[in-house]
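There are two complexes below, and they share chain A, which is joined by chain B in the first and by chain C in the second.
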Partner chain A sequence: MIEVRKPGLSTTVQDGGRTGYYDVGIPPSGALDQYSLRAANLLVGNQAGAAALECVYLGPELAFTVDAVVAVTGATMTPRVNGEERALWESFEVRAGDVLDFGYLTAGARAYLAVAGGIDVPAVLGSRSTYGLGALGGLEGRPLTEGDRLPVGPSADGTAGVRVPEELRPVLAKDVEIRVMMGLYDHRLTDAGRKTFLGTTWTLTPVADRIGFRYAGAKLETVEREPPFGAGQDPSNIVDAPYPIGSIQVPGSVEPIILHRDAVSGGGYMMVATVLSGDLDIVAQSAPNTRTRFVAVDLDEALAVRAAHRERGRRLRAALAG
Partner chain B sequence: MSEVEAARYSWGGDEFIFVEMAEQMSLQANFRVMAITKALRDKRPDGVLEICPANASYQVRYDPDVIPPGELLDRLRDLEHQVGDAHDLALPTRVVEIPVLYRDPWTTETLMRFRDRHQEPQTTDIEYAARINGYSSVEEFIAAHSGSPWFTSMVGFVAGLPFMFQMVPRERQIIVPKYLRPRTDTPKQTVGYGGCFSCIYSVRGAGGYQLFGITPAPIYDPTQKLPDFADFMVFFRPGDIVRFSPIDRERYDAHLAEAEAGTFRIRTEPVEFSLHEFLDDPDGYNARLLEVLP
Partner chain C sequence: MARHEIVSPIPGVFYRRPDPDSDPFAAEGQLVTAADTVCLVEVMKSFHQVAAGAAGTLIEFLVENEDVVEAGQPVAVIEPTVIEAG
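What follows is the complex of A and B.
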């Protein structure tokens, strides 16, 4: 059992995600940075998609009532056991009675704490991930609060001292490029509007959570039109449509929003591009004020990027296989 | 078969394909969406992960390492041609009665908090909607809102929220713009309106639709304690035909007590819906639909 002494800013149970219910508005959820989740789990001998804790900006303080092997990956937020620092991207032991907490965030946004055996909350619709808007999954469908007790599953495989090699750790930067495929409703933008979208260095606003990441920087020019029936008057309005995970909508033609894994599943704002699935990990590690450029790729390039992400995943798995 | 608009296909990154059947909302477009997504579900290709029908469009999430994008696109185009205008489709569905306390104290309190984001801060949402749609009183507007059935054309936004399209000829449809800027709060089970859609907020949260009233009927129950949710935590399904029944405060409180006691049931009755019979005589067809649940 793990007791929550301090919950941190927003700590939730997340795993590989929930598939098959987006058609009724239940999004995939799961760790926003899937690569870091997989790394943390593999470090402690878990299945790559096992349930772990996602800790945003400010980590929790946790008291362990059992011996455990744990690992922290993702954002640079150094873990401490009874005040003594431990390495990130490396598994270590925690003894019954120990207290684990975190230093200040110095890079990235979300740290992942995996425990050998996984966080053993009940699976709901095939996943242990927390979907806060729907009060579903995780621990009672909500972020952790003081006094919560987290069950840990049985494990035989956890070993301390396993490390992710330097070259397989993501680079956490304050200037990032996010690869996107233009499309969806980008025909609502003029050529100048599309150029502005791809030419602007956007700044991530403080509105950056599991649902969406909102950016400031420029207004996009839209094509004049007679609004189609049911769409609404604003040039950015469409007849309410489904939103892909990673789609970038632009309400009022200002402040693009990238929908992430707790996305609203549909709505009435034009989407103009979609972030490649693998690059959603980069979005996840963006803290407010991160300067961001969107780089357009075509389908063939997107599939090549996807293959490269998978190859990196294979190398990670190979590096951590006992 | 009548002439139909060609669908528009677009990639949503490396995992989604987005298909717009029509730019404008219509029951015909929604029917084509339902027919195609049902056919895809019935013979779901390997690698298809999510099939999400919406009002006049749909999307598919897939694994391009299992089904190549081009192959999926061909498959969807084939389905588009097979389905055609969906004119002869008969849909087995149900009529659902949603009791509504219009102008209730909770949504009124909420809308008053967000007047600065509204088109007409000096009126309430329902007064505004009644006026711009040419109704002489709110009572008359409520009679129109509850006087025709509504077709559930999409479920989503948040878990289990139904979008409902008014089943009357276009010139009689209620149209209301969304808030100028979205609210950060909406009570659970609010009956709202935006564009040409009514909705019921399944959970408390942000929203931009105008607020008309509240229903005591839970429509989303992740704990699955209520009998309507024994099989699944979401009540609504695309294709559900909804009838709003105005109730008073006394009735609202009684239903709420039933919901708390775990005995409340949403009244439903199975029907088969025929698009072309409806289009041939909407008023006559609707009168028969409303009689299904006396």
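What follows is the complex of A and C.
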């Protein structure tokens, strides 16, 4: 059992995600940075998509009542056992009676704490991920609070001292490029509007959570039109449509919002582009003020990026096997 | 005794007041205790209170109200109260 002494800012149980229900409005949820989740789990001998803790900006303080092997990946937020620092991206032991907490965030936004055996909350619709808006999954469908007790599953073979090689750790930067495919509604933008979207260095606002990441920087020029039946009067309104995860909507033609894994499944704002799925991990590790440029790629490039992302996952798995 | 920097533990929007109609938590030149809240940082629709962390005189704020701050960024400076040994 793990006792929550301090919950951090918003710590949730997340796994590989709850896929297959977006058509009925239930988003995939799961770790926003899937690569770091996988790395943390593989470090402690878990299945890559097992349930772990996602810690945003400020880590929790946890008291262990059992011996455990754990690993922290993702954001640079140094873990400490009884006040003594431990390495990130490397598994280590925690003894019954030990207290695990975290130093300040110095890079990235979300740290992942995996425990050998996984966080053993009940699976809901095939996943242990917390979907806060729907009060579903995780621990009672909500972020952790003080006094919570987290059950740990039976561990097969967690070993301390396993490390992710440097070259397989993500680079956490304050200036990032996010690759996107334009569409489906970029025809609502003028050529100047599209140029503004791709030419602006956007700044991530503090409005950035598991649902969406809102950016400030410029207003996009839209094509004039008579609103079609069913669409609102604002130039950014469309007839309601499904929202893909990673789609970038621009309400009022200002402040693009990247929808992430807890997003609503549809609505009436134009989506001018969609983030490549592998680059959603970079979005997940963006803290407010991160300077961001959107780079348009075509379908062939997008597929090549996806293949490279999968290959990196295979290399990670191979590096941590055994 | 070294000056104490009050650091925001999280990224977000920095506020000097508990709400727009209230007085600031602390003014420059004011004496504070370690447990006194000196500002709020808002992120993801939640407001996080930041305590002084040391007793003494709050010399100056290093950021403006409603500035976006980063985790680990100093937001104010305290000149600790020194108790002279007898």
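In this section, the second predicted complex is superposed on the first by the 322 of 322 C-alpha atoms of A that agree within 3 Å, B and C clash if a C-alpha of one lies under 4 Å from a C-alpha of the other, contacts with A are read in each partner's own complex, and residues count from 1 in each chain.
FYI, contacts are C-beta pairs under 8 Å (C-beta built on N, C-alpha and C of every residue); 3 or more make two chains touch, one makes a residue touch a chain.
Treat the numbers as computed from the prediction; the structure is a model and nothing was measured.
S.K.: Tell me which partner A:303 touches in the superposition: chain B (first), chain C (second), both or neither.
M.R.: first
S.K.: Return first, second, both or neither, reflecting whether A:287 touches chain B, chain C, both chains, or no partner chain.
M.R.: second
S.K.: Who does A:105 touch here: chain B (first), chain C (second), both, or neither?
M.R.: In the superposed model, A:105 contacts chain C only, not chain B.
S.K.: Which chain, chain B or chain C, is in touch with more residues of chain A?
M.R.: B
S.K.: Now for A:56: first (chain B), second (chain C), both, or neither, which partner does it touch?
M.R.: Only chain C; A:56 stays clear of chain B.
S.K.: May I ask you to decide whether A:123 touches chain B, chain C, both, or neither, giving the answer as first, second, both or neither?
M.R.: Touch partners of A:123: none, neither chain B nor chain C.
S.K.: Just checking: does A:223 make contact with chain B only, chain C only, both, or neither of them? Give me first, second, both or neither.
M.R.: A:223: touches no partner chain.
S.K.: Taking the superposition on A as described, I'd like to know which of chain B and chain C A:96 touches: first, second, both or neither.
M.R.: Once the two structures are laid over each other on A, A:96 reaches no partner at all.
S.K.: Considering only the defined contacts, which chain A positions touch chain C in the complex?
M.R.: Counting only chain A, the residues touching chain C are 9-10, 56-58, 104-106, 109, 205-209, 287-289.
S.K.: Using the touch rule from the top, collect the residues of chain C that touch chain A in their complex.
M.R.: Chain C reaches chain A through residues 7, 9-13, 42-46, 48, 68, 70-72.
S.K.: Can you list the residues on chain A that touch chain B in the complex?
M.R.: Per the touch definition, chain A meets chain B at residues 19-20, 22-26, 124, 131, 133-136, 141, 180-181, 183-184, 228-233, 237, 239-242, 244-247, 264-268, 271, 274-278, 299, 302-303, 305-306, 310.
S.K.: Show me the residue ranges of chain B that touch chain A in the complex, using the header's touch definition.
M.R.: 10-16, 18, 20, 23-26, 49-59, 61, 64-65, 69, 154-161, 163, 170, 177-178, 194-197, 202-203, 205, 220, 222, 233-234, 236
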